[in-house]
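Two complexes come next, and they have one chain in common, subunit A, joined by subunit B in the first and subunit C in the second.
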Partner chain A sequence: MSDPILQLKNIRKNFDTFEAIKDISLDIREGEFLTIVGPSGSGKTTLIRLMVGMDEPSSGEIWLRDERIDKLPANKRPTCMVFQSLALFPHRSVGENIEFPLKIRGVDLQVRRQKALELLELLRLPQSYHGKRIHECSGGERQRVALARALAFDPEILFFDEPLSALDYRLRKTLEKELKALHEKTGKTFVYITHSLEEAMVMSDRIAIMKAGVFEQIDPAREIYSRPVSRFVAEFMGEVNLIPFKIAGKVLTSPGEIMLSKSVTSDISGQLKKANASCGTIVVRPEFVAFGKGQAADFSVEGRVLQDYELGSRIQYEVEAAGLGLVTIEKLRMDMFDGKPGDQCTLSWAMSDCHLIVGE
Partner chain B sequence: MKPSYSTKIVLFAYGILAIIFLYLPLLSVSFASISRARYLTFPIKAYSFKWYTKAFESDTVTDLVIISLKVASIVTIVSMVLGFFGALAFARYNWRFRHLFQKVILLPIFFPQAVLGLALLIWFNSLGVIPTWKTAIISHLVWISPITTLIIAIRAYSFDSSLEEAARDMGASTFTIFREVTLPLLMPGVISAGLFSFLLSWGNFPLSLFTTGADLTMPEWLYAKMISGYSPLVPTVGMLSISVSLFVIVFAFAVAHLVRMIKQARI
Partner chain C sequence: MDRLNKRIAYLSAAPILILLLVFFVAPLLVIGIYSIMPQKSFSLLAMPDFSSYSLIFVEGYLKSLFWSLVLAFSSTVILFLLCWPLAYAMAKIFNRFTLIITIAVVVSLFVSENIRLFGWLLTLMKGGLIEGLLRHYTGNGFEGALYNVPIIIFGLVYVYFPFMLFPLMQGIAMIAEDTRQAAFDLGATRWQVLREIELPLAAPGIVVGTLLSFVLAAGALAESKLLGGQTVIVLADDIETAFTYGQNWPLGSALSMLLIMIIATIAVFGISRVDIDTIMGRKRS
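Entry: the complex of A and B
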């Protein structure tokens, strides 16, 4: 693995008595697409502002390759950010906006113009847009102009502060894919923050889940989805069923009237004992719960279907399971439950589709 | 909502009445200025432009115009600069006494101007400054620069501060940000503030009355001549004064329109 391009070492940031960032360390790899996801107030905007140089950390160090940069102001750093508001200059044309970072550097007008036209083409905007006013552009076009302007700066790392959050669903989906393609095409390091998990999953090489000023987990999307380290991460990554287990005395007690196969009982209690924990949570995603009792069913429980919701390609069911409360199930259309709300059913799933979170 | 027919009639009548109420007095002044007779009587028996000729030939009137113009121009320029930086402090930056500053700076607008003028006169006297048209500039500024600050601050409030941050992020120094982003974005506010300050200073009477000393601005002269020594030169000079104000406004609109046309043509 190559050396990190940006390193955060024990970064803290306090606002008066409020600790926005609590001791964060992070290595960002050269050329990766890293997304920092967290609910609002988790400190992700504060963190990105520290990384681009709009704020100084209260303590800790930031290194860009071999250079310590945490005391450098934003205009002295070779990084650039696409703002949530996009921050396009309304008094300048599309072309002038894109050329702005080059103008600051004193690049020749002809060279500047040439570069702006190239970038327009890269972002699939017609060249005639060079003279257009910003307010004449649509939301998606502005997005591309802001991106072109950031690329014109030719930064070492490109930061994004939720730039897609104001767009409608379809456009957002298109731009997410374009952004991922652009990342591959330019080979630059992208650091993206968002509160939308879907956005993060589509684009990123790695996702960092942030909660109250610390990272809960940093892993590729698939890993985070199937092996969350905490209940917070599990719940943040979409619909999930969390089933708590306890060890009382030496016996594993399962909640409700859930039936466990022998091998699973010893597996779970073994894992918990090994970690010296008295409790744990089984994480099972809605798509892995089956109706009926299959061959490989390690867990099974009786229940009654309460509700079904159309999700388009899938259907979601809410099942009242004996002693467990609500269990959420999602099925593709071809695997639909052949009954209606109110019907009794048996639910089952396999241990190989679950993940055990040890401890509280 | 579309107004009904009867509502339309009422609204129309109301509009007409408002316009008559506002502009009829001005119209009568203009009639007075072109009447041949020494005193205004209706209907006017004979028209004449001789008072305009007299006004243009008169040294007194030339002096009035020069002094009023000097005061108004200097007040305009200084209050634009003061208002610009005041507005930045007012609306864009967070600092300890900001809220106090916002209130204190606007207070002079609501003082009776006569009291403000008197206070300044007493102050000039105790400092040993002899009041002339130059001291009037200061008194005008005390009243007008809060207004320009307010006008520019309204513009500054709608200013997205991430624009400046973005410029800095792309390598711009503080001065470059000011020149490339802050100034051009606040410019429409600065221009309209300048327009306001010129017109307010040009037409100001109470502050000038107290603080010009031996010098006379146009409104002061109008008042003095009304009190004693009325001649149709008074409405004539009045009309000339209004014409200057109108000219400034029309000129500003024309320039704004032209700028827009040029921008459109570039695209």
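Entry: the complex of A and C
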């Protein structure tokens, strides 16, 4: 693994008595696409403002390679940000917007025009856009102009503050993929913040889940999805079934009328005992729960289908499981449940498709 | 529905249109016609001879015009430099304090301009508040601070302060915080942010503020009369004299027309320079 390009060391940020960031340390790797995800109020905007230099941390250090930068103002840092509002300059043309960082540095008119045209091409905007006014551009085109302007700056790290949140769904999906492709093409380090997990999953190499000023988990999307460290992360990463277990003495108590195979019982109680924990939660994603009792039915429970929802490619079922409450199941259209709401059913799933959170 | 709206719009605009026609356009026409009448004529129907306009160049009126414009220009420049930081703070930094400053500035407008200028007269004259106190306590007096060009400019700046401050504040409030920060983030220094982002984006407010102050100051009379004594004669002074002591209405009208033309030219030029729609990022409809 290459050396980190940006290092946060024990960063804290207080606003009066409110602790927005509580002791965060983070290594951002050269060339990676890191997304920081969290609900609103989790401190992600505060954190990105510290990283680009619009605010100073209350304590802690920020290092860019081997230079300490936490006291440097934003205009002295070799990083830049694409704003949520994009913050394009309405009184300047598309070309002038893109050329702005070069003009600031006193780059020759011819050279910077050439660069602007190259960037227009990179972002798949026609060269005729150079003279266009910002208000003549559509939402997606403005996104690209803002990106081109940031790339013209040629930053060491490019930060994004939820720039896609104002766009409609389809355009957002397109731009997410374009952004990922652009990341690969430029090889730059991208740090992206969003509250949309979908956005994070599509684009990122690593996702950092933030909650109340701290990181809950930093891992690749797949890892976070299948092995969440906490109930918060599990629930944040989409639909999930959480089944709580308690252990008292040697006896594992499972909720409701759920049936466990022998090997699973000893597996779970073993893991909980090893960690000296009195409780744990089994995480199982809706797509891993099967109707009927299959081969590897480590867990099984009787239930009644309450409702089915069309999700397009999949169908979601809400099942009232005996003593467990609601269990969510998702099935591809080709293996739909052959019954209707109100029918009885048996649910089962395998331990290998589950993840155990110890201690919660 | 649309047609009804249109009718209502015309109807509700009618009173002010009539008012403007009767009390603005009509007097302007009268002045225009008087200005081409023969000297000392009180009739609007005499044979036009344009003699007043040639008189402007013969007598010393160009000098008065020069002083009017110089005083208006310098007070406008000073007002801009003075008001920008305050307007900036009021629009972007102060929260409740903005309201207090606004009230303080507006309350000063409740007292008539002349009375406020007399107040300054009593403060600054020889034997006035400042000089008198100084002489009483130190034994050494001075000649007072009145009757010179800087004090006239001071008076203009003082009187027309709100006319620069509030439009500037409006203009600065239009600068989106993000655009400033983005420019800064893209490497711009404070000066570059000011020049490239803030001044152009606040241009509508700047144009309105400078036009208002310049136009008002160019036609101002009281400051040069009260604070300036007769150090310099401004054009408004000449106009007043022509209408009153001189009893030469055509000459007064011609001088007025001269001032109106110059100011109108500057105003039209100023307004055409900023395309407010473009700056606001809106399309012209």
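Heads up, the rule we're going with is that the second predicted complex is superposed on the first by the 360 of 360 C-alpha atoms of A that agree within 3 Å, B and C clash if a C-alpha of one lies under 4 Å from a C-alpha of the other, contacts with A are read in each partner's own complex, and residues count from 1 in each chain.
Methods note: contacts are C-beta pairs under 8 Å (C-beta built on N, C-alpha and C of every residue); 3 or more make two chains touch, one makes a residue touch a chain.
Remember, predicted model here, so these are calculated numbers, not experimental data.
Partners subunit B and subunit C, brought together by superposition on subunit A, clash.
Look at A:Phe153: by the touch rule set out above, it reaches both subunit B and subunit C.
In the superposition on chain A, contact of A:Met336 is made with neither subunit B nor subunit C.
Contacts of A:His91 after superposition on the shared chain: both subunit B and subunit C are touched.
Contact with both subunit B and subunit C is seen for A:Met54 once the two complexes are overlaid on the shared chain.
Within the superposed three-chain model, A:Ala296 lies out of touch with both subunit B and subunit C [touch as defined at top]. By the document's definition of touching, of the two partners only subunit B reaches A:Gly131; subunit C does not. In the superposition on chain A, contact of A:Ile104 is made with both subunit B and subunit C.
Judged by the touch definition given at the top, the superposed model places A:Cys80 against both subunit B and subunit C. Taken together, the two complexes place residues 52-54, 73-75, 80-81, 83-85, 87, 89-91, 100-101, 103-105, 133, 149, 153 of subunit A in contact with subunit B and also with subunit C.
Touching subunit A in their complex are the following residues of subunit B: 160, 162-163, 165-173, 176, 180-181, 184-185, 266-267.
For subunit C in complex with subunit A, the residues that touch the partner chain are 176, 178-179, 181-189, 192, 196-197, 200-201, 203, 278-283.
If you check the complex, the residues on subunit A that touch subunit C are 52-54, 73-75, 80-81, 83-85, 87-91, 100-101, 103-105, 133-136, 149-150, 153. By the touch rule above, subunit A contacts subunit B in their complex via residues 52-54, 73-75, 79-81, 83-85, 87, 89-91, 93, 100-101, 103-105, 131-133, 149, 153.
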